[in-house]
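What follows is a set of structures to go through.
Look at the two complexes coming up: chain A is in both, with chain B in one and chain C in the other.
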Partner chain A sequence: MAALVLPAGLLVSLLLLAPMLLLFRISLNLYSPTEMMVEATSAANYLRAVADPYYRQVLVTTLLVASGSTLLALLLGFPAAYWLARMQSRWKSFATVVVMFPLLVGNVVRAAGWLALLGNGGAINAALLGLGVIAAPLPLLYNTGAVVAGIVAVVLPYMILTLAAVIESIPRQAEEAAANLGARPMTVFRRVVLPLALPGVAAGSVLVFVLCMNTYASAVLLGGPQFKMMAPAVYDQFVRGNNWPFGAALAFILLGITLTLTVVGSAALGRRYRRGKLEEAA
Partner chain B sequence: MTFSRRGTLAAGAALASAAAGLPGLARAQGRQVVVGTWGGDYGELLRQNIDMPLIAPQGIEVLQDVANADPRKTKLLAERQARRGTMDVACLSDTDMHMMAQQNALDTLDMGRLSRSGSIVAGLRKPYAIPHIYSALVLLYNPDKVTTPPKSFADMWDPKYRGRVGFSDILYSTNTFAAAVAGGGSFSDYGPARDKLMALRSLDAKVYPSNEALAAALKGEEVWMAPMWLARGFMWQKAGIPLRHVVPSEAAYAIVFEAAVPRNSRNKDQAYAYLDAMLKPEAQTAFADRMGYLPTVTDASLPPEIARQISLTEAEQARLRAPDYDYLLRAHTDILDFWNKQFKA
Partner chain C sequence: MGSLVLEALTKRYGTSTAVERVDLEVPQGEMVALLGPSGCGKTTTLRMVAGFVPPSAGRVLIGGADVTRAPPHARNTGMVFQSYALFPHMTVADNVAFGLEMRRVNRADRERRVREALQLVRLDRLEDRLPRQLSGGQQQRVALARALVVNPAVFLLDEPLSNLDAKLRGEVRMEIRSLQQRLGLTTLIVTHDQEEALTMADRLVVMERGRVRQVGTAEELYERPADPFVAGFVGRCNLVEGELETPGGFRAASGALLPCLTAGAPAGRAILALRPEHVRIAPAADGPARLRAVTYLGAQTEYHVDLGGTPILAIRQTPGAEEPLRRLAIGDAVSVSWDASAARLLPVAQTDGQGA
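Our next item is the complex of A and B:
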């Protein structure tokens, strides 16, 4: 059976682990403006990233935007996922395709659409100006709100589809039984549906959180030049600064934090789910 | 194991075609030149004005390796140690090209092999590259809004223009230069830019993510002034954006786009033929006409209408200086860090 993992495993180790090991080695080197990279075994890049208030701020922004977007995607996605999962009509597969629709358009193309919509000369401002509602264009673009909106639009399908798969596996009878025993809809949701859907909430949130932490296109295009998240900061170091060692160190810090938070987060939710099951059994 | 008749035939045909193709491949290899260039207008103009009319008739096939400058630099650096490189001609800006020359990635050119080397404008000659086109850093302004034409970069700090000065984020280095010379700095001292940029920040200067975004802001009259390449200003004017330019009194900063031969190029003869063609007057005129860049040879003539819009006066020409490459090589990280962490933060 273990052999089944082999093809995928080989591919991953060749195309993912090997470059990552190389990148880790680079992160221990030192930068020199004239020689680009000097061989070394030093933690200087990591220390600099942690000590520099600028990069701490970039990290905080990244964490806030990622967790905010994940929460928003969960709040918006749960009702839609529930509706999709409980749908009986023959339009169900069509509805699923509609949910996936945003994924059919590339990230950059979608962001370009947002630019046309939210820009100072964009559709919304043009309409409001034309109607005389506002005198000067509203600053809809190049702020945190625009980035979060852009990210949520990208990640929502992942959240909805993950949640819907889990909600579908919750027997409808469980909800009916609760209702028969006098539970109101909110109570059914809180005491029955939500606890049983926790594995889906965990899986969807982890998936979405990881995507949000690594946001590049939305942050650059909708956040504008003053807005910084980690992925654009890494790119900046590699491409504009020619500082590969520091860029590599930033990349590993981002990886480490994302990994830690996802592991801790899913473990916590998992414990809660198991405890719920035990209480149910008892 | 059994061989089906069909399988045997197919394999035979494949072998035969491979064998027939091999000498052809070897021949093509000998008459090819791989040009590392930008895509877009630049790559297209190379194709139309150099590859097809000047290189193809010599029996040389041009393959464009299209990428932005940074990936191309990275490739040149990564291939430095290799015996056989993948590029025969590399196009880069003068500052980037200097960096590559410092990293020992480029050949010293044998000017005797270039029939056109005698026509190169004296101030633009380098041992490791030929100049292809050039332009100057100017201050663009909207004449409808900025009614007193500015004279210097220092005019950007006029409180009258609060919130009306725009920068392109990708030009952080030249933007910092403009602030430096406005504050009494020079090509070799960007130090005064720090206070000047922070002052401009409190005057609500705007930063746009790309040249195109800045163009849109100039067009929508969100901002009225911006430091920019004269050639870009020319293209934007052609696109109907209301703009004039001035070569600021503090300094005239030149940008030169150059072409060079990597040390490990496999087709050096063809590479030299290509560089020679880039210096031909007709090719030079075409780039001026479409993109507004100035010819780097003394014998290329411009249509008078274009010349009026993109040329510099003799006095401006005389003041034109290339950046201090060694200074930039050392200061580059600090300039970028200050721009990102202090000015934009």
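Our next item is the complex of A and C:
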């Protein structure tokens, strides 16, 4: 049976683990403007990333944007997921495809569309200017809001589909029993649906948070040149600055923080679920 | 506690009718069973009483108040679901306390009433267990306690025994009935199992294809069924199609003339209903009937005979080893008889909705 995981295992070790090990080794090297990279075993790159206020800011921005986007996706996604999970008509599979549809549009194509919609010369500003509602174009692009909106639009399908799978497993009759015992719809949600959906909330949030932390296209295209998140910063070091050791260190900081937060977060949610104590904490 | 009244309660889905003008009055403290095959509308009727299904027409009154448009949480019904529908993330005690919390009962009263309710169903040692740590029978009793603890105006049971094994089913049946009588609960129970309905309910409502066929006590339905459907659904029954000839008697479609009381019955097509325990059979070399099959069931024995092309089922107490009936073999000629008063003439089934 173990042989069944061999092909996938080989692929993963070859294309993921090997480059990661290599990258980690590189992150310990030192950068030299003339030789590009000098063999070393030094924590200097990591220390620099933590000490430099610019990169600290990039990290903070990334964390804020990622957690904000995850929260927003959760708030927007839960009602939609509930609707989808409880749908009984023959349109259900159609609705599922509609939810997945955004995934069929590539990130870059979507972001380019947003430029045409939200840019200073884009459709919305042109219309508002033409109608005389505004005198100067609204700054719809190149700010945190545009990036968060762009990210949420990308990750929402993952959130909805993950949540819907779990909500579907919650017996409808448990909700009816709560209503029968006198619970109003919001109470049914808070006391029955939400506690039982927690594993889905955890899984969906972890998945989406990881995607958000590693946002590239939305950050670059919708955030503009002044807006920096970790993934574009890593790319800049590798491609523009040719500083592979520092880029590798940034990459590992991103990876480490993402990993720590998701492990801690899902463990906390899992504990709360197992105890079934949400109603007392709420 | 209160009475339950349904007035011309109707549910349509598009062009199909799930429940058609159901009228029913359940006085305070009575237990009524909705009985019928699956798809007859009994569960939809129950769900309209609980408020989960909005009726297309008609009214639901609980304790005299019209609750037809009231949401489920405002109806004060206590429902036991077929799947029990316990909250899987709450302990037994928390499950039972839920309805009291919703009614803002203070903690001390809540704990006392939960304890009492669990004692009532003999589960008072399992308060801290989660539903998945309980057996099916125990889960069922938690569901009962959870529904009863809030003193509902109407107690609703949706096929409550169908997930229990046969032995437990008989026990729980008695238990629910004695609780219902002790607490004077106005109760509506849905079941497809006629034995369950006959043993538990004060009155039965036999439903078929959305309509009420007959309402009555177990005796009334068994001894005086209103139509062939009720006769065939409540207990076992020989139903023979034929024609009432005057003068003469009932002539089966196969041509045999069968005894029955004809007084007052209109001539024409009819169905003869005859309970199998009223049919006597005896060995007779020149008898008009042939024995087709014998099924030995211990205390009783079933005899399937062919009476001139009409199949008749007779159920007799199993004869002693020395009795001539015991020596009958398949294919033997027998005589078949019954008291004319035991055979009832019923109208041929209405043809409404037969094309559906």
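The rule is simple: the second predicted complex is superposed on the first by the 272 of 282 C-alpha atoms of A that agree within 3 Å, B and C clash if a C-alpha of one lies under 4 Å from a C-alpha of the other, contacts with A are read in each partner's own complex, and residues count from 1 in each chain.
In this section, contacts are C-beta pairs under 8 Å (C-beta built on N, C-alpha and C of every residue); 3 or more make two chains touch, one makes a residue touch a chain.
Quick caveat: nothing in here was measured; it's all calculated off a predicted structure.
Judged by the touch definition given at the top, the superposed model places A:Thr187 against chain C, while chain B stays out of reach. Residue contacts after overlaying the shared chain place A:Thr34 against chain B, while chain C stays out of touching range. After overlaying the two complexes on the shared chain, residue contacts for A:Gln173 are found with chain C alone; chain B is out of touch. Applying the stated contact rule after C-alpha superposition, one finds that A:Asn120 touches chain B and leaves chain C untouched. In the superposition on chain A, A:Ser89 contacts neither chain B nor chain C.
Across the two superposed structures, the residue set of chain A contacted by chain B and also by chain C is empty. Across the interface of their complex, chain A is touched by residues 50-52, 71-79, 81, 83, 85-90, 98-99, 102-103, 130, 146-147, 150 of chain C.
Taken in their complex, chain A has these residues touching chain B: 31, 33-36, 54, 57, 119-121, 220-221, 224-226, 228, 236, 239-243.
Every residue of chain A that touches chain C in the complex is listed here, in rising order: 171, 173-174, 176-184, 187, 191-192, 195-196, 273, 276. Only residues 70-71, 73, 77, 102-103, 169, 207-209, 216-217, 220, 222, 329-333, 336, 340-341, 344-345 of chain B touch chain A when the two sit together in their complex.
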